[in-house]
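Heads up, there are several structures right after this.
Two complexes, one shared chain (chain A), two partners (chain B, chain C).
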Partner chain A sequence: MFPELNNLLNTTPDRAEQGKLTLLCDAKTDGSFLVHHFLSFYLRANCKVCFVALIQSFSHYNIVGQKLGVSLTTARERGQLVLLEGLKSSVDVFFRAQEEPHPLQFLREANAETLQPLYEFVQEALKPVDSEEAVWRYPVLLVDDLSVLLSLGVGAVAVLDFVHYCRATVCWKLKGSMVALVHDTGDAEDEENDILLNGLSHQSHLILRAEGLVTGFCRDVHGQLTILWRRPLQPTAQREQSLTYQYKIQDKNVSFFARGMSPAVL
Partner chain B sequence: MAAVETCGTGAGGTGFMAAATSKNNVTGFQRKGPRAGGTDSSGSRLVSIAGTRPSVRNGQLLVSTGLPALDQLLGGGLAVGTVLLIEEDKYNIYSPLLFKYFLAEGIISRHTLLVASAKEDPADILQELPAPFLDDNCKKEFDEDTCNHKTPEPNIEMKIAWRYQLLPKMEAGPVSSSRFGHYYDVSKRIPQELLEASKWHGFFLPEKLSLSLKVEHCSLTHGYLKLLNFIQSIIYEEGFDGSNPQKKQKNILRIGIQNLGSPLWGDDICCTENCNNSHSLTKFLYVLRGLLRTSLSACVITVPSHLIQNKAVIARVTNLSDTVVGLESFIGSEKETNPLYKDYHVLPWKPLKTEQLI
Partner chain C sequence: MLDSLLALRGFVLLRDSVECEGRSLLKALIKKSALCGEQVHILGCEVSEEEFREGFDFDINNRVVYHNLFRDPLNWSKTEEALPGGPLGALRALCRRTHPGPVTIALDSLSWLLLHLPCTTLCQTLHALSHRDFCPDGSSSVEQVCVLGLLHEELHGPGLVGALSSLAQAEVTLSGMLSQTSASIVYRRPRQRPTRQTQCFSILPDFSLNLQGVLPLESQPHPGPPTTQVDPTTHLTFNLRLSKKEKEAKDSLTLPFHFSSEKQQALLCPGPGQATSRIFYEPDAYDDLDQEDPDDDLDI
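What follows is the complex of A and B.
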């Protein structure tokens, strides 16, 4: 987790809010650093995390996690982290016939109508186990990312249904939180992705949007991050608040600064 | 900490695209020790494979694309376990050249090749590979080895440095070139001896299509399905995914797929905007990515993206690849007469997308 981002979001692992849906969005850049941030943040906060990792392999997240100070292998062994490795499982699902329904069953179907097996996997992973005496604080679902499901033949409505079911279970019933990454394809006229993005934007409490700079690639400023707080949980809180920062990704950290205030420029 | 992992754990990790000038890379220096794996319980030792080198940024294993300039653009080379997508230029002149450089580099480095095409027979593609520029050392060894290929080594005992007697003798192949990245002479063909000494598998779609269609996976185009099964069988049978631990020498599988997405593969994304099986190519790329991440292989795919009508599909295909390089040829455009570009034929785009690791 990045301490500067925690300051911007005004949270710490001890005081993390529950029952929230956080939407991560990236446009013309790679927003995966946000996924790594939240993964290490919630592991540090002693939450039980279910990570649906569809884009990269486990070792990738592990290497980055070690740089950020959490060990995914240890978390997995302790039972704190349940990880669905999409790439490895896809090879299993695709080439070997499965007896019981697999969370990635939709890979074998022409038009996947529903993501129910995936939802059942999440439900199973995060359900409270009675034998543990509440070791973990609250469950968290992290998805990286939802746009790839559209590439794999799942319809936008099916993905929205999946998110809705997960929210109902994780955020409302189990009082946990949910974080998901969606790509913003901008002018690529990807209607399904736009439906997904707009639908999720309306449902989320917090939106973090990483964009590349309009002027192109820059060595010192890698992009711009917009933080939008929607739906404040307390009715008396202020209305929507939005802040914009620019960032630079370094080896183990991401530094944030106000627009135009990059140390390289000043 | 985990520098380079062998194929048992999966070649994960990605390179960091940023300034060539380094930032605080405390972890840039990776110690390669017997416990380099970290995640693998069998304590996998770091084995150095010919034609590869670890990245200086994060210790990831890299192979050369055959063009040292492209290697530099990619940050040292192509990472093992990733896909390089080349968006073809309009008249398809330069992308086959990049494709051939990649394959030729594989032959020189003694990697195993897998060539897939729907247009040309892979054997013909391999015949047309460019010849490498070998410097004098390599040429001398090459000549010597072809002569002394069969004579047994005389058993000379070392008298002074007798400890070195115990070390294994270095195996010199037909081209014992341990360099990373070579230069090629496009006007000459690769020597037949090199081709014959190399190991390659070809996938020529018209030969592989059979009439029996198993209707199980109706989501993928038949050609893509056959290709995926072929790749998976090669990876499994030859042990690139670590399934045969008794194999003594680890090697890299270089996969080259030409003109993926073109109508010759049976896909219609280049024909119409609202295509029926628009998910075929993206699903193929996803499963291919899964296969690559769990094996010691690197893949170069050329895609005629200028023919794809649906911009959304291009965006999705780009997102599913690890590195994308686009080629824009100057032929026929006004840039050809622009004096600024008079020495160049092709403008490679800045990598549209490269992997980032924090």
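What follows is the complex of A and C.
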């Protein structure tokens, strides 16, 4: 969890907004630091977290989590974290009876039309259990990332439907929150990714967009982050709707500063 | 004008983008027609009923019927929550609904419907919806319904957007940020040329429209959102034109490289004040003075 990002978003683990979809988007840079931020943020907030991790292994997330002060192993043992490790369980799909439902069932189908098994996994993971109700505050779904589903042969509309159902269940029915990462390829010919990105942008309440600098790599400024609030509660609120900051990723922290105000420049 | 959109009775297309969301305008228009005493049907695919009704007062919520396609649009849950017949069934049910008096139907959103239904089916249903037959006492009369459709235009190619535009009586394209939103409106009336207009507006927290005047026509490029022309000559550090006085002063100035007869005289016979100049040089202790003639080897 990066305290400076919490300040920018005007939130803390104790008073995070519920029922919201936060879209993380990265273009020409790696936005995974945002995923690590939200994972540690919601674990600290004592939420029940379902983490659909399709990009990295559990140990990778665990090591980064430890740097940020949370132990994923402990959270998993306590039942706070339910993790779908895509790299590991994708192999399981091929070595089990076809009748058994598997969240990544689409990998086995020739033309994957629906992500319903994945949604059912999420629904099952975050289903409120009576004995646990007092322990965890609210459910959270975290996905890293949705673009890889396109690469695995799922259509953009199927991914949008999956997000729609997760939103209806997690954000609306269970009053929880949802965070998902999508890559912006910046390629006009990648129509599926454009549909996914724009469709998700329209569904989300808050968009965090990390972009690499147009001038290329820089040692002291790693990129810029644009924060866009899409549905403010008060349409005429004085809060700025969109903010842009530059950031530098450090070992255990990320520092944010106004554009052109990097400590290395001043 | 934005406030007369609802009087058109037909299909009105609202085109929004990620930066400038159009649901607030849709809600503002719904509030307006509910205040006029109309029955409002909403087919909600993208947000929950609670979120949509948020901000409306009790009277308006009473007049609004929300057809909830958000909870279970594809019948994955296998419960009774799904609308029968899926999205198309819900749309057709709206066509058949009979209610005395004027009706407004809001589709939130057309983009969701377009991603799940073939374009031709949707266009036919929209046409049937906006020109539906209404027979309260057996006599066949055609009553026009106001259909408001929200479309996220980045999600669709120009072909689909064009098909829907040609179906619409009026088309509103939103641009700008939330504090200062402008809507460019195209009206299509039968047997008339389409008229265009751009209007600035803001939406108050209670979803009433605050109109802020119409932009002049010449500042409205077609098509698309208005962009302000930047004058490149505004912040120049020099003058592009000279006044008569400045021009005289400029002409009377002699340039440093101009070789005049006075200059020639001054160079040829140095004046009494100009003594021949000399160089005084005191060698430093560490100066590396070369005693040898550098041109020695030339044998001059």
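Assume the second predicted complex is superposed on the first by the 251 of 266 C-alpha atoms of A that agree within 3 Å, B and C clash if a C-alpha of one lies under 4 Å from a C-alpha of the other, contacts with A are read in each partner's own complex, and residues count from 1 in each chain.
Keep this in mind: contacts are C-beta pairs under 8 Å (C-beta built on N, C-alpha and C of every residue); 3 or more make two chains touch, one makes a residue touch a chain.
None of the values given here were measured: they were computed from a predicted structure.
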| item | value |
| --- | --- |
| Side-by-side fit of chain B and chain C on chain A, or clash | fit |
| Partner chain(s) touched by A:Q116 [first = chain B, second = chain C, both, neither] | second |
| Partner chain(s) touched by A:Q66 [first = chain B, second = chain C, both, neither] | first |
| Touching partner for A:R230 - first (chain B), second (chain C), both, neither | second |
| Partner chain in contact with A:D161 - chain B first, chain C second, else both or neither | second |
| Chain B versus chain C as contact partner of A:R137, first or second or both or neither | neither |
| Dominant contact partner of chain A by residue count, chain C or chain B | B |
| Partner chain(s) touched by A:L87 [first = chain B, second = chain C, both, neither] | first |
| Where chain B and chain C come nearest after superposition, their Cα distance in Å | 17 |
| Chain B-touching residues of chain A, taken from the complex the two chains share | 30, 32-33, 36, 56-64, 66-68, 73, 86-91, 94-95, 107-111, 147-148, 150-153, 183, 185, 187-193, 217, 219, 222, 249-254 |
| Footprint of chain A on chain C - complex, ascending | 18-19, 21, 23-24, 46, 48, 50-51, 70-74, 76, 109, 111, 115-116, 152, 154-155, 177-179, 202-205, 207 |
| Residues on chain B engaged by chain A in the complex (per definition of touch) | 1-2, 5, 9-14, 16, 18-19, 21, 23-28, 39, 58, 81, 216-219, 228-229, 232, 279, 282-283, 286-287, 289-291, 293-294, 311-312, 314-316, 319-320, 350, 353, 355-358 |
| Touching residues on chain A, where the partner in the complex is chain C | 114, 116, 119, 157, 160-161, 164-165, 168, 172, 194-195, 198-199, 201-203, 207, 228, 230-232, 234-236, 241-242 |
